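Below are two complexes that have chain A in common, paired first with chain B and then with chain C.
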Partner chain A sequence: MNRVTQAPAPAADRPAPAAGGGRRAASRPRSGQWAAWAFLAPVVVYLLVFYAYPLYRNVELSLRHYTVRSFVQGDAPFTGFANYAEVLGDATFGPALWHTAVFTLVSLAFQFTIGLALAMFFLKNFRLSAVLRALFLVPWLLPLIVSSSTWSWMFNSDSGVVNAVLGAFGAEPVHWLTSPDWSLWSVTIANIWIGVPFNLVVLYSGLQAIDPAIHEAAALDGAAGWQRFWKVTFPLLRPVSAVTLLLGLVYTLKVFDIIWIMTRGGPSGSSTTFATWSYRLGFGNLLPAFGPGAAVGNLLIVMALFFGLVYIRVQRKQSLS
Partner chain B sequence: MMRSAAMSRRAAGLSLAAVAAAGGLVACSSSSGGSGAPASESQAAAGGNYTIWDPYPQHDKSSEWVKLLETCGTQAGVTVERAAYDTSDLTNKALLAAQQGNAPDVLIVDNPVVSTLAEAGVLTTTEENKLDTSAIAPNLLAAGQSQGRTYGVPIGANTLALYYNKEVLKKSGVDIASVKDWASLTGALEKVKASGKKGITFSAIGTEEGSFQFLPWFWGSGAQLTKLDSPEGVSAVALWTDWLKKGYAPNSVINNTQTTSWQEFAGGEYAFAENGTWQLANAEKVGFDYGIIPIPGKNGGTAPAPTGGEFVGIPVQKDTARYATSQKLVACLTNTGNSLTTTTTLSYVAPTEEVQTKQVAQNPGLKVWVEAVKAAKGRTSDDLGTKYPRISEPMWGAVQAALSGSKSPQEAMTGAQAAAAQ
Partner chain C sequence: MTDARRWGKTAIGLVLTGVMLFPVYWMINVSFTREQDMRKSPPSWFPVKGTLEGYRAALDQQLPYLGISLVVGLGTVALTLLVATPAAYSLAKLRPRGGGTLSFVLLIAQMIPGIIMAMGFYAIFLNVGMLNTVTGLIVADSTLAAPFAVLILTTFMSGIPEELMQAARVDGAGTVRTFWSIIVPVSRNSIITVSLFAFLWAWSDFVFASTLDQGGAFQPITLGIYHYIGNNNQQWNAIMATAVIASIPTAVLLVIAQRYVAAGVTAGAVKS
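Let's look at the complex of A and B:
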């Protein structure tokens, strides 16, 4: 092992002369290099205009004290981390953090488990399996406003179908969207439903990529059922699982539409997450609070970035081993 | 090889960043130059284009409203360019446009937004733009006034009242004439519930819409927005909470928008619904006999409901010579002759007594609404201005907390007052 990893080491010294070669190339007619830059330019401009600048603006917004007047005049005073301090000290912060964590973790756990179970199920090709699999994609294809509104109707306390079914079994109606104890669970359930197809598709393709010969070998060795799943399928699926979970995490952290349409983060803040809080601060009021709104948005970005880095770390370790 | 590949990739990344910096500068300078030139050209052109932004995307090019805009443009000798935005988008669009220095010439916005835009310095005062507001009803104009200055003209007004289902009331043995104050209304709801029907529906959603619907009860109790936790204010929250507890109002009101609340009423089971002028056209389609009464005050009389409806304003321009034409456009939209068309098209009550009289003559059914609008009050009135949004948000939160049972009405309003006073 040692020798293998050492072998490329001398190659690392090579870039220096290689770069020198590049300089020599630059002294030649430059047309080639200009062409290369020209090819790069669209992507770079695109990245700058649509990613770097908005991000920069968002950070800047969060570091200044904006009122509607200074927003228009552009003379908002720089206040450092005052907006962040305000947001951290806000009574909404603690609950919003907790709701974001619960919403994200519970959603992910169920989306992944259900998605994996379904993927395993569909791996056994049976008649109509393709049709059924296509049906499972419906939640993904529907516009979020349609699915959230539908969930909102289904969860209606008085005329919703969910309570009607519960009532048929003699249960008391549950105030899904209007009780502070239930609203977070209701939006989580809707989000799980929406996220299952994504997990199903990615995990299904991951499962297909596992060589059937390995399964056969495991079967010959006497591994059966659950044992084969935990000892063979699951470890081999780990890279795909990691991608699925990470992407799911980033999607779920920023979920806004479902919560906003179903409960507006209410009643009285009981389903407010960072995403809906940020929107409420910036746009949900007659008097926009851009600074704190941007601060909450940035906290959200930092969280997603943190998990992204964790993922890269894990992946690098995996590829090294 | 792995590592050298990574190195060269990093080098590529660096050069990418360098190009990025250069490319970015070029892109910025060229784009600002590009957008700057045509704008000044069009301003120089004779007559020229005048932009109008309104929150009525439901009215398309073939509508009476847009035709009126075009006619007014022709009369003023200019071409009107109209853009319609969703009302919740328009505030931020207007702020952004003002920040970029390309605000529209005429802006039509929801009345509680006027004070926000005025504070931002986006709107001109009537002193600057010479708009005539003498005929406008003072209670409507107040929503657009702050510190003695007026920032626009109401194009029309709407407000809230109680729709009732005549059939349901008849079956429950309720005489609508007996509903005069909170006690008699609650009594009526009790009878309705006893007869197996449903009482009242409204919207207590956690947005401005919830505050809008709560205000008639809040003001009807005699409470002031400057003191949310007064005994009167608490009694208004307690009234709603009590209705929910006793089953006179459905639990769904906590999440109802005014539209979903209307859908509940249109189902035919509810005796009462608190809703606005804009549902009149839908009310004709519900398939049962309905009536409308003003929202009663706690001890009788008509409770002041908040005014809805838009203001027409003239945003600040670099080129102040444009105000004269913009003023002609606004005057055209709001003059007595056109006001009748405008308000009928947008289903509003006119802001002037003269046109209100004409409206009632045309459609006697509007009488109750004209009365309600006369008793109505702007949310940003009483010189509250931009303090209103800071009061409204804790208020709708308190209503939600009380209705969902997480706090008592007193606790909820005390908390809201503390938050609003910050």
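Let's look at the complex of A and C:
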């Protein structure tokens, strides 16, 4: 996959394709470049119109004071970083930051650990292992509204199956989605469930890439079980683990659907992250606050891009080595 | 001995898969549960007194939503392929100057949270009158898949042997002809994979639907379920029946393109 991120080789010493008609026969390499960029034109236009422009509008939203009227008419006054100041000073900021951190880190820790354990388990082929591995992908491929609403019903305080099982062991019913003490944990559990397959698949392919001879050598040296895992497998898997965790981090920071569908960030903000906060400001109220909403969104972008760039750096370093 | 051990592992594997897929089972179980058994304690673990009333209600009320989702999904696939396939061909085989930068931009584009794109799209669509339209939703949904599609197709197309293209060139085929008659047919499998993912993501999209299409007459199935949860939270068999129906594309993807799914997940995450 490293080809995707590496710059292609210079085009100088390569026979030029015959497109572009005969007009440019004199300068063949350049006609090759024309053809190459002609094929890229749709995606470039697409990126400019459907990525760059919305992002630009988003930045613009965050720098102006919008009301519903000026949103339609487009004459909102420029207010600089007032929206950002408002957001940073908001009582929601601290909790939202904390919830985002807890949600992301706890999700990652469990997704990675469970994913790695399962990848180790599936590494040695056994009967049905391919089929079962494929079935493990289901949570990751289900539409989020499907998984979120299923978990909502399972977590229902009165009739949910989770409380029914807990009750069978004599535990008191837990108000998973309606108590401020539990809502963040409930959405985190659902998110862990959704993210395990991704970790399993990536780590499994990472494990497969490790030369079996290394394990045999370690086994001959008397390293067994846990020791072999910690001293041999885990260090060898570190590059893949780093990439998995960083990519998972970028994905988890932007999780919105699950939280919004299950709790809407509530009750009383107890499961509000940056993503749901931004949505609530922009779309969740009768009177939309687009400016602050966009400001929160841009803070989220900065976070995602920071870790995204770290991810790309790590991955490039690995493909070069 | 070893045989017994292998079956032992299979047994453990079955149990683990069962635990992992329990929510999916529960969704199916609830979708068949009768209204009066819904709040029974303890819940019925198997739909022994199963009913189809949930599915009847779902098909009665959700069919238009499913139709819209189908249209949006197919539209998204078309737009994604239109943009991504030529670009991937160029990046993989024509070596454009600046191609590396473009790949980098696409990688970054994949990481932008959907909710932020939604806000920008909302502002734009409001001004050009594209809010609550199927076209608008197709455009927005395609941003979920387009960068991924270019990157994946580029990787697959890079593997197409140069000789094949040279042979085409010798036969007098131009760049366009080579693309259309050689590259596209040879890349059929990867194009199908990308299409399935693009369809699934458009079908599953909730962020764009709930922001750009919340007041429209044409709403996708994700909003259908969302309204269902909000409006009649008594009829959980109908909600779960709709959820089961909404999961059909997932099942299709897994059955048709199982090995490509794994490739799609790992793409860009692990060096080959």
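Quick note on the criterion: the second predicted complex is superposed on the first by the 277 of 321 C-alpha atoms of A that agree within 3 Å, B and C clash if a C-alpha of one lies under 4 Å from a C-alpha of the other, contacts with A are read in each partner's own complex, and residues count from 1 in each chain.
By definition in this document, a residue touches a chain if its C-beta (ideal position, glycine included) is under 8 Å from a C-beta of that chain, and two chains touch if they have at least 3 such contacts.
Treat the numbers as computed from the prediction; the structure is a model and nothing was measured.
Name the contact category of A:37: first (chain B only), second (chain C only), both, or neither.
In the superposed model, A:37 contacts both chain B and chain C.
Does the superposition put A:244 against chain B (first), chain C (second), both, or neither?
Only chain C; A:244 stays clear of chain B.
Per the contact definition in the header, classify A:301: touching chain B only (first), chain C only (second), both, or neither.
second
If we overlay the two complexes on their shared chain A, which of chain B and chain C does A:268 touch? Say first, second, both or neither.
The first partner, chain B, only.
Can A:213 be said to touch chain B (first), chain C (second), both, or neither?
In the superposed model, A:213 contacts neither chain B nor chain C.
When the two structures are laid over each other on chain A, which of chain B and chain C touches more residues of chain A?
C
With both complexes superposed on chain A, which partner does A:128 reach: first (chain B), second (chain C), both or neither?
second
Just checking: does A:74 make contact with chain B only, chain C only, both, or neither of them? Give me first, second, both or neither.
A:74 sits against chain B and chain C alike.
Figure out whether A:144 sits in contact with chain B (first) or chain C (second), or with both, or with neither.
second
Mind working out whether A:175 is in touch with chain B, chain C, both or neither, as first, second, both or neither?
first
Overlap the chain B and chain C contact sets on chain A and report the shared residues.
Chain A residues touching both partners: 8-9, 11, 14-15, 18-19, 37, 40, 44, 47, 53, 71-72, 74, 152, 158-159, 283.
Considering the complex alone, what residue numbers of chain A touch chain B?
8-9, 11-12, 14-15, 18-19, 37, 40-41, 44-45, 47-49, 52-53, 67-69, 71-74, 152, 156-159, 175, 177-180, 263-270, 283-288
Spell out the part of chain B that touches chain A in their complex, as residue ranges.
Listed in rising order, the residues are 1-4, 7-8, 11, 16, 19-20, 23-24, 27, 88, 91-92, 95, 98-99, 112-113, 116-117, 119-122, 205-208, 250-255, 264, 386, 388-390, 392-393, 397-398, 400-401, 403-407.
Touching chain A in the complex: which residues of chain C?
Residues in contact with chain A: 6-7, 9-10, 12-14, 16-17, 20-21, 23-24, 26-27, 30, 38-43, 82-84, 86-87, 89-91, 94-97, 99-109, 111-124, 126-127, 139-140, 142-143, 146, 150-151, 154-155, 158, 166, 169, 172-176, 178-179, 200, 203-204, 206-207, 210-211, 214, 222, 225-226, 229, 236, 239-240, 243, 246-247, 250, 253-254, 258, 261-262, 265-272.
Show which residues of chain A lie in contact with chain C when the two form their complex.
Going through chain A, the ones touching chain C are 1-11, 14-15, 17-20, 32-33, 35-37, 39-40, 42-44, 46-47, 50-51, 53-58, 60-61, 71-72, 74, 118, 121-122, 124, 126-129, 132, 134-147, 149-154, 158-159, 161, 164, 167-168, 193, 196-198, 201-202, 205-206, 209, 240, 243-244, 247, 250, 253-254, 256-257, 260-261, 275, 278-279, 282-283, 290, 293-294, 297-298, 300-301, 304-305, 308-309, 312, 315, 318-319.
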